[in-house]
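Okay, handing you the structure first.
Per-chain residue numbering starts at 1, and chain names A, B, C and D are given in the order in which the chains are listed.
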Amino acid sequence: MITLTFIALVTLAAAAVAMSQRNLIHSALLLVASWAGIAGFYLWAGAEFVAFAQILVYVGAVSMVVLFAVLLTRRSHAELAIAPASVKRILAAIVAGGAVLGALFGAVLSTPLASAAAPPPAISVKALGAQLLGRHTASVLLIAVLLTVALLGAVVIASTNSKEDAP
Amino acid sequence: MLGSGIIKGLAVTAKNFVGSYHDPARMVTEQYPEERPKLPEAYRNFPFLVTENATDPMGTLRCVACQICEKECPPQCIYIEKSKDKKPDATGKPQLYPAVFAIDTSVCMSCQICVEVCPFDAIKMDQVFEVAATNRFTGLLLNREQLAKPNSYFHQIHPTDAHEVDTRLAAERKAAEEKAKAAAAAKAAAAAAKPATPAPATATPAAPKPAAQPPTPPTA
Amino acid sequence: MNSSGLSLLSAHLPVAAAADGLLERLPLTLRDTFVQWFPAPTQWLLHHLISIVGILAIFGLFFAFTTVAERKLLGRLQNRLGPNRAGVPKFSFLPFHLKHKLFGLTQPFADAVKALTKEDIVPAAADKLLHFLAPVLVVAFSLLTFAVLPFGRNLIPVELDAALLYFFAAGSATELTIFMAGWASRNKYSLLSAMRALAQVISYELPLLLSVIPVVLVAGTLSTQEIVVAQGFWTFGLLPHWFIFTPWGAAGFLLFLVAALAESNRSPFDLPEAESELIAGHLTEYSGFKYALFFMAEYFGLTALSGLGVTLFLGGWQAPCAFLQFIPSYLWFMGKLVGMIVFFIWVRGTLLRLRIDQLTRLSWQFLVPLALINLGNAAFWALTGAWSGPLQIVRWAVSAALIVVPFVLMGRSLTRGQAPRTYRYAT
Amino acid sequence: MSAADLSPFNSPFAAGTAGPSVRAVKDPFHGDLLEVSMGPQHPSTHGVFRMVVTLDGEIIVKLKPVFGYLHRNHEKIAENTSYLGSMPYTDRLDYLCSMTTNWAYALAVEKLAGQAVPDRAQYLRIIMAELTRLVNHSCLVGFLFNDLGTSFTPLLYAFREREKILDLFESLTGSRMMCNYQRFGGCRVDPTPEWLAAASRLVDNFPRFLDEYETMLTGNEIMLARTQGVGVLDAAKAVNAGITGPCLRASGYNYDVRKVDGYGFYPRFDFRVPLGAHGDTYDRYMMRVLEMRESVKILQQAFRDLPAGPIMDPKSKLRGFRPKAGEAYGRTESPKGELGFFLVSDGSPNPYRYRVRPPTLINLTLLEDMCLGHTIADSVVILGSIDIVLGEVDR
């Protein structure tokens, strides 16, 4: 249990500090740290494959997307200065936060979880592969098509962008 | 086929890699401080003043302070002050000598024009390239004493050039001596002729001198 | 499990006999004797600590001597001597002073002292935290990748089921540090080149992964140790069944080489540090020990990638011939690793640098399609494992054609209109 | 966004760009342009040369060359020095080929004073000029590949050959690069038979180096990709801008001062002038390689029939040289282009006006036109292919 709480603490701390940072890049990097924390959860749970996939996908690739997005969006100074102090804004924040917390706790309490954490079944990568392309082939193919469409969409948007530009 | 150019390139560098172990034409590195560089004879760096012998450098300086090199030097880095008195040079003819002869080696670009224009072969190019000084003025401004080097040193660094200069100078000296001997003989003959005719001198005081003094050609 | 290669006469020599030769088990016996002296509960921790210390020591020295080897090899490639002046200093406690310069082998220690003593300048406008964190993280991540490389028969630091995936997960995190270095130095040049470096590393991540997947497909496992075991057969005791000796393996190895060169920012792709463009790229604002850390991380990345290449394609710690197995397996691994690194240095001494758009075009329009075709090729190879006799030749021919034909076609389209020209002369 | 419609484009930023080295430049069409100053201390600009490049992303939108850092007032100094006094300074103009610059200056003075030159001296001048062409072209090719990104390997192969030729110059004239060898009316030193034998041996196996170079690099795919179609210069624009030398011939225009003027004894030698077809960086590189092969042919012919005889015209005067009043323009084909000296004499020992036509400066004028539409990496390669030496550009 100690490691579980330690990982949870690290992840939550990273996310909290990320929220409070003024510097956008710092907060983006702390977000990446919290993703690594989630990978820690998987490792603790013994699912190595998912943990490494999480690191490869999130820490490796999605973090790049986030950082590029932060860099390339041209934010003029006007938008940044959100007036935090206005009372109406704080009330709205508390209400929204409270609602989300309530829903979460409700879901957690109502699901019948086995009390003792059963030892995670040591599933080998080979069996995982067989499962993926056995029973769940449909979902894997669906995801593949979705990603390809996303990739092609990005390429199309990027390329046409420069053509319109020519005077 | 794509990549064939790259493979050929790799093959050439491999050949050079292997070649550098046995082919002297390829391994050309000289380990400078340990292996002294083999300077060609014509190599020139800063000029130096030639003296006849090493014992009395200031006495036997070839330079006669004619200041031609000072005028011709493109960056004007030679400074000469003539001496007041004269001193007999190698051929015995009294010549001036430079009281002050300074070359600012921080300005000199060793183009050896001073060597070309010097009529007395008094200044030649040295081969010292390890020049380091801590002070620009005292260190690199060489005066007469620092510049003077004996003719033997000249033979050592530029053998053929020195040999050719020496033969020419020796020929000149021999010609100068013959002339001097001829002039002395002529003077002796004239003196001998003068005592034979003093007796009848009172009658013809303006007797013309029988043998006109042979004109002494200029030594240079 | 293994369905590769001509298994006509795969002489199953007494593999077991060679496996427990004295030299072979030496590192293990040393570790076990050392671990015995400690109480039981801490033994697994000590076990891992020793392997960590082992990796750091061996590959630390390996890095040091790779730098001097690179400079001496480059020197010899260019017909000059490499560094040979850094001799041994005069130690007071030693009675004699070794005059010989040891052919410059002490150069890396001199470099280390220089890197340590150099002043570490941090630009005023720089983001102090990120500026400090970038070099630390880049070395940490590139060292993480050593955990899964099988150095010897049973010399693998961490026996992971999904080892390959772990390797690429750790490797891909280094991109983050390039960005941090570029952004933290607050210098337009560094930011520009950090962007280019990211574009390069990301666009070559794909061919690297795709060139590795055929090996996983044929070997049937993600664990590096099992991949090496899968390559452990010899026909007639002489021809090893390494994956490089199969058509898809050779193509995969070439793709892997090109992608590894790009991943570790080396020769034809050393764009970020291209002196002719942006001074020192994202490392412009680093000096002293932080610069040395980046330098070290680059070499660790290079060693890890060539280690992986050796494991996947060149049969890891397998001996090239059956009777050579008396030589301990970790020496074979080190030998092949040194061979790969010498090839990288040789390429660095020869090839020109690609421009950023050519570099990304090469990856997306040439390497990725070829890698996908190679994947199909490996699938074909795996499916036709059972063929034997004349069918083997057909299998090899089809597999070779499957990869060579697209290579030639795409190669011609990539270099359309570019050929050495002939010139006319005026009279 | 083709380069043609961009060239009239003038960014609305002030002409003077002495500001901080990198400035964001606002521009309606392309969003933020980035103005980067490359040089004067930049590893790839050959000497103290600065390019203020305005970038739209990677593409060059505007390029302003800035030079003059190495201006030493050569022409004004020449007006206060004797004719002979300026000769050593001409070595320092284009410090890579001192012999051809000496010859150009001597040619102009001989035209001014109507000085004859003996046959052996003419042959020696051709030998020295062609050896200098080998030195300069191998230097350029080495530097070009260094800009393309190899880690010094081709440069060191080229320098290895260049050093052998410079050793020949040193054993003849006394200095490797500052030869100060030509005089008005002939040459200063007569080479010994051993020197001639060593020189012809070197020239005979120079092609072996060239073949090794070509197999290594000319067919290299990366080289083709990086240089073909980069920095195209069409013949008409080149002629209008007064470009001369290999850059002009790479665009296909046949103009070689050795053939046009036939100065010295060049008409006695048969050699061919290579011409390019596309005018891009690859053609400029090949021009140099093919010219090196032609120079080897000229040198072999020169060594074969080098006549005996005096190397200095007896009537030539070393000091007190006062050419009659008048003006003369002597031009030669230096490895960089048409190098000319324009002298006006008023009868005094110092020239009244002394003007040098620097081929590298004039070749540099079209740098922007060649670089528009390319990336920063290309601009460095294009600059390398023009082969500039700042000593001659800034004088």
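A few remarks follow.
The rule we apply is simple: contacts are C-beta pairs under 8 Å (C-beta built on N, C-alpha and C of every residue); 3 or more make two chains touch, one makes a residue touch a chain.
Bear in mind that the values here come from a model prediction, so they are computed numbers and not experimental data.
Ranking every chain by how far its Cα centroid lies from the centroid of chain C, the top place goes to B. Two chain pairs, B-D and A-C, are weighed by contacting C-beta pairs, with B-D ahead. Centre to centre, using the average C-alpha position, chain B and chain D are separated by 36 Å. Rounded to a whole number, the gap between the C-alpha centres of chain A and chain C is 31 angstrom.
Between chain B and chain C, the centres computed from C-alpha atoms are 65 Å apart. Centre-to-centre spacing of chain A and chain B amounts to 86 Å, using the average Cα coordinate of each chain.
Among the residues of chain C, those touching two or more other chains are numbered 77-80, 349-351, 415.
For chain A, no residue reaches two or more other chains under the stated contact definition.
Residue positions 153, 157, 160, 216-217, 219-224 of chain D are each in touch with at least two other chains.
The touching residues of chain C, when paired with chain B in their complex, are 73, 76-81, 346-347, 349-351, 407-408, 411-412, 414-415.
Those residues of chain A lying in contact with chain C across their complex are 23, 25-26, 29, 32, 48-49, 52-53, 55-56, 59-61, 63-64, 67-68, 71, 124-126. Taken in their complex, chain B has these residues touching chain C: 1-3, 6, 9-10, 12-14, 16-17, 19-21, 26-29, 31.
Of all the residues in chain C, the ones that touch chain D in their complex are 74, 77-80, 188-189, 192, 267-268, 270, 274-279, 348-358, 415, 417-421, 423-427.
Per the touch definition, chain D reaches chain C in the complex via residues 22, 34, 36, 42-44, 58, 145-153, 156-157, 160, 216-226, 228, 254, 256, 259, 272-278, 282-283, 286, 290, 375-378, 380-381.
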